Amino acid sequence: MSAKTLRHLIVIGLIVLWELLPRTGLIPELFLPSLSSTLIAGWTDAAEYGHALAVTLYEVVVSMAFACGGGILLGAIVGSLPRPRVLIMPMVSSLYAVPLVILYPVFTVWLGIGSESKIAFASIYGFLPTMLATAAGIQTIDPQLLLAARSMGATLSQRLVRVIMPAAIPTVLSGLRVGGALVIVGVVVSEMLISSAGIGYLISRYRTILDSPHVFAGVLLVLFLAITFNAAIRWIERKAAIWQTGTRAGHANDEMASGAMQPAT
Amino acid sequence: MQPLANVTPLKPAARAGAIEVKNVGQVFRGRSQDVVALDDVSLEIKPGRFVVLVGPSGCGKSTLLMMMAGLRQQTTGTITISGAPILQPDPDRVGVVFQEASLFPWLTAEDNVEFPLALRGVPKAERRAKAQDALKLVGLEGFGKRHPHELSGGMKQRVSIARGLVQDPPVLLMDEPFAALDEQTRMTMGDELLRIWAATGKTVVFVTHSLTEAVYLADEVIVMSARPGRIVDHLQVQLPRPRTYEMLSGDAFGALRDRIWRHIRKSA
Amino acid sequence: MQPLANVTPLKPAARAGAIEVKNVGQVFRGRSQDVVALDDVSLEIKPGRFVVLVGPSGCGKSTLLMMMAGLRQQTTGTITISGAPILQPDPDRVGVVFQEASLFPWLTAEDNVEFPLALRGVPKAERRAKAQDALKLVGLEGFGKRHPHELSGGMKQRVSIARGLVQDPPVLLMDEPFAALDEQTRMTMGDELLRIWAATGKTVVFVTHSLTEAVYLADEVIVMSARPGRIVDHLQVQLPRPRTYEMLSGDAFGALRDRIWRHIRKSA
Amino acid sequence: ADTIRVGLPTKTYWPTTVAETAVRQKLFEKEGIQAELTIYRSGAETFEGMAAGAADIILDPPSLVSAGRKKGVMSRIVANAAMGNFGWQLMVPTKSTLDVKDLNGKKVAITAAGSGSDLLALWTIQDKKIDFTRVPVGGGGLVPNLLAGNVEAAVVYSPLSFQISKSGEAKTILDYASAVPPNLTAGWIVLDKFADAKPQLVQKAVNALYGAVGFMRANRDVTVKLIAELYEMPPEIAALEYDNTIMMLETSGDMGAAGVNAAVQLSLDLAKLGGLKDILPVEDVISTKFKPVPTQQ
Amino acid sequence: MQGTFAINLARIAIIVAILALWEVLSRTGIINPRLLPSASDTFVTLGDLLQRAAVQKDLMVTAAEVLAAFAMAVPFGAVIGFLVAENRYFADVAKPLLFFAFSIPKSIFLPMFILVFGVGFAQKVGFGFFSTIFIVIMSTTTAVESVKVEHLTVARSYGATPWQTAFRVYLPSMLPVLLEALRISMIFNLTGVILAEMYASRDGIGHQIATWGENFQMKQLLAGVVMVAAIAMTFNELVRWVEARCSHWRT
């Protein structure tokens, strides 16, 4: 069976379970409403959800730019320059260790209760994993390649764009995946905590009045965001794969490399 | 194999291409103990000379080349290239062909060769033409679209040589560029290199383990000894140019080769 | 350099060490077109023979070795080692010294050499002793505690050779193991290799670009041509053993070398 | 002995004081049972806890019982705990000059959309015929956002309301305890299943809880000290909490008493403001099977 | 050595600067001290809190939950992440699904854990595990991508078993990326456990923090956050120490 078929079967299985588990009463509807009632709830209030989605989407896109753009940029700098790395990295990951979710209500005091605070929170939330993955990916680059580029007079920015980025692309993309997902989670969670608009707001409002179908209709929309983001990443991956042949991802198409993986399974 | 079409003759700058190494030492700080890789090396190379560096494995040849390229700072001493000290890589003065191929795996062979030109903003069409010429020169015509992992060891090394040539700097440092090549290819490439060198007046510093190759190519051969790396001999090869394969069996050739061989045998 | 103390003579198994390559082909599927790297190669190697593989750069020598090692599957044909087809790597039958050093950067030189023994669960003390012997053999006594990035190109290659030797399999495949070594070290290591081979009765398949080295070491020399890779000659080297440096200037030696040279010149 | 698991919505809410008193005065033990107290994030979470089988008796408003039954969680209010929003106040910063009427078009902080504070905000909009934006900021966001000026007013629960008015940081412009007509704001709730399976246990539990209410009314000093300890606050504020909420709690809890049905109905009607749909009839959300007999000290 | 000293000095300087800024902002009233109590007040409160037996017990409970969740999530997630990265089939099947699961706010599922585990240790650990596993999987996948094919080939030629390949090739190659992953995972783990404690609990430091927040006890809240952050930072430093010991071969 092809992987895609199996995946689709799993998805279909999950959908069927989602419908049947609540219907048969194995899971109370309060915790998991059936898919049909979720869809009906979402459909009935489509306008409300559409408006919320627009708000959330805006916040996600802006945060994504900050978190991923900033994370990759700083990660690249920190990963390629040892001095800033030893100085900054420990501080950054220590700062990330402060449980911001708990402090979020206090943060809104300074960042306001509108979109700004969500964007700030989600950007910070998605920033570090992107940055760390980028930096770590860059550290695993063969130093010989950097030496070669330097000998050809590559400036720092040229090294960054022409050597470091392409060499680190698989790691950076995985970091981007993690970071992007966290941005989505970050926006939704902060909306759930404090806000008067967005999908997170709807989720938490309907949750407070135990309206689980409407809650899960919101969750479905979050899932939709994730699917969209995933599609975007895969598009970049495909673009990247063209000039990435020969690195690990390229080798993966090789029978040699896939053979190497067999014993691990 | 075709001549490289666009080799530009060196502008007659005052000391362009001259190399001066003065009392240079290199100590690697290790965890347990320090390694003296090079100890007080001095040498002077006039512009346009073809200098071959030989010495036992681990004697510091690559280290010396890295310092001449500005890729590693010496612990003591000074290195001057074209009249000015070299403190960081400067592709306008020095080009390097590395011992390990160090091609960018995500670029095709031709993109790898074009890389140094792209860095300088050479227009696409021009650099493509130059890269094609260089690839032809190293016998890899038609392999331009392959990625490094699709090439054999010797092919990768040849791409790396093409990349070094295409940069066309007044000083070219080559670290065992022919090590992975078969004898025929090696000879052809050696002749090509001599031709380019003669046409451009470049200074070439060339590391090899083949003593025959050393004498065949060189104006001067510098012999190093190991631990700590020191210069033990500096020979002038007075054989006429162009060099021919007949010279290989001549007495002068044999004598030079023997002299180097005795050094190497002692120190390896 | 010291002899490797603990080389165990090969158990007299029926066809242990025999290699049979039958109608083997290798096609690499490329994006635009397919590359026929090897085309219908057949060859038979009797146990205990020292076989040298020569051929122009890119003719498929490494590819053939990878297939013999079970690291790559041929597109067509069969390869049998010690009487059984080889479908995946089997360190009890075949050991490999790779063309590119491929040491583990996180292990010291001695840990790299010990790696294959550690995989088999050889006790620490024993494998340390073996690794020390092997390092001594390749002239790297005292460098055991260094990491690969602290070693020169030739030193890395020697560590890689030591790693291949320490495994002690009946068939040893070596892909240009001496390419980065100076002539003196190369000779000494060649002699050491012959000694180990004579003492253990291993089958050795050895790739080199040096025709002198090929004739000096080999029982048989297999000459390949490029694109697509084919066997164009299979010579028996009847020179007596042990080989001596005097033989290098003998007529028989020269004749063999010439015969190979003519093939190479044609196909490179 | 049987153990009853008591689910409490937040620690700084009077039900916790009631249950803690019952535990400390060993009232559950006197009934021959044991109690295990679990604190939840808020009312809805507490209800989910009960639905998940992690709590046997909880305190929540009638609206959740109604909503829960719609979702297949069959429970009822077995005892009437409070008939007003004691301690709940609409507050503005002390230096603010705004009155309730002035909030038209302004922003007012609530804890969560659909929560008790939201209902009160909605009630204010309806009752005062004004319109303002309700901003959910969570319990922890109320005072900080009020003081920082992100919102003009906030619906604050006790004893936080007492605390910030005592400290001079905020002042009350509307006291919901008196402003909103009496309605059943909170009651003790059990699952129908549980009530059927272990009626004795439920009865003993409500006995202990109402015994605690009685004890608290009779022992001001002890109770004030307990509140101060539980909430980590100065005794003056604990005293305010005692006088304004504890003393206002229902002492009998009898769901059969006169006026209870109307009070539940009013509570459900208020919840409609918050978006609750298809409200069930009062009879379906209450149970008169258990009449608390307060455990005596 | 001189370099390390200078860097440590710079680090200490930065920390001192941050604390000083915090103190000054609050003391001068540029930021309302009721909203941001000064650093000194916060640390005094922290000292008081740590003296309390109840807080000590809460910390122990939380630590136990965090450790248990972490000890399960990391190996489990690492194995799955490894399979996803190395087995095409498994990757094609699971990667998108895992990614979607990762992108959903986990707190939606808090009641499910109560449904399955009740309220208590198992529920906190379960949710901590659930909050951590996806990031571990995704980070492991990232880490595996940094392993060089040549090294795998060498190991294969020596007949390395899957276990040996995992421990002797993958692990050392991946270590820097993996340790970063470990750091982030710990933060997720801690947050997950604390969220679960805030949601429903009888003890644990998250329970306390929730109360302090709702009660507008800013000093205690900040002190609590500092406590949790300190735990995470200690862990961070521990990982960094391991990293320094294992990665000396990199230049």
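A, B, C, D and E are the chain letters, set down in written order, and residue numbers restart from 1 in every chain.
Basically, contacts are C-beta pairs under 8 Å (C-beta built on N, C-alpha and C of every residue); 3 or more make two chains touch, one makes a residue touch a chain.
Nothing here was measured: the structure is a model prediction, and the numbers come from that model.
A.B. asks: Touching both chain D and chain E: give me those chains, sorted by label.
C.D. replies: Intersection of chain D and chain E contact lists gives A.
A.B. asks: Would you kindly count the fewest steps from chain B to chain E, each step being a jump to a chain that touches the current one?
C.D. replies: The fewest steps needed to get from chain B to chain E is 2.
A.B. asks: With respect to inter-chain C-beta contacts, which pair, A-E or A-D, contains the greater number?
C.D. replies: Higher C-beta contact count between the two pairs: A-E.
A.B. asks: So, what's the distance in Å between the C-alpha centres of chain E and chain C?
C.D. replies: Computed from C-alpha means, the inter-chain centre distance equals 49 Å.
A.B. asks: Please tell me the distance, in whole Å, between the geometric centres of chain A and chain D computed from their C-alpha atoms.
C.D. replies: Going by mean C-alpha positions, chain A sits 39 Å from chain D.
A.B. asks: Please report how many Å separate the Cα centroid of chain B from that of chain D, as a whole number.
C.D. replies: Each chain reduced to its C-alpha mean, chain B and chain D end up 84 Å apart.
A.B. asks: Give me the residues of chain B that touch two or more other chains.
C.D. replies: 100, 150 - these are the residues of chain B that touch more than one other chain.
A.B. asks: By residue number and range, which residues of chain D touch two or more other chains?
C.D. replies: Chain D, residues with two or more chain partners: 48, 51-52, 138-140, 144, 147-148.
A.B. asks: Counting only residues that touch at least two other chains, what does the list for chain A look like?
C.D. replies: Residues 28, 30-31, 105-106, 109, 143, 251, 256, 259 of chain A each touch two or more of the other chains.
A.B. asks: Sort out for me which residues of chain E touch chain A in the complex.
C.D. replies: By the definition above, chain E touches chain A via 7, 10-11, 14-15, 35-36, 82-83, 86-94, 96-97, 99-100, 102-108, 111-112, 115, 135, 138-139, 141-143, 145-149, 152-153, 156, 161-162, 165-166, 173, 176-177, 180, 183-184, 186-187, 190-191, 194-195, 209, 213, 218, 221, 224-225, 228-229, 232-233, 235-237, 240, 250-251.
A.B. asks: Flag every residue of chain A that touches chain B in the complex, lowest number first.
C.D. replies: 142, 144-145, 147-155, 158, 162-163, 166-167, 169, 243-247, 250-251, 254
A.B. asks: Give every residue of chain C touching chain E within the complex, in rising order.
C.D. replies: These residues of chain C touch chain E: 69, 71, 88-92, 94-96, 98, 100, 102, 104-107, 115-116, 118-119, 147-149, 167.
A.B. asks: Using the touch rule from the top, collect the residues of chain A that touch chain E in their complex.
C.D. replies: Where chain A meets chain E, its residues are 3-4, 6-7, 10-11, 27-28, 30-32, 86-87, 90-91, 93-94, 96-99, 101-103, 105-106, 109, 128-129, 132-133, 135-137, 139-140, 143, 170-171, 174-175, 177-178, 181, 184-185, 188-189, 192, 200, 203, 215, 219, 222-223, 225-227, 229-230, 248-249, 251-252, 256-261, 263-265.
A.B. asks: Can you tell me which positions in chain E touch chain C when the two form their complex?
C.D. replies: 150-151, 153-161, 164, 168-169, 172-173, 175, 246-247, 249-251
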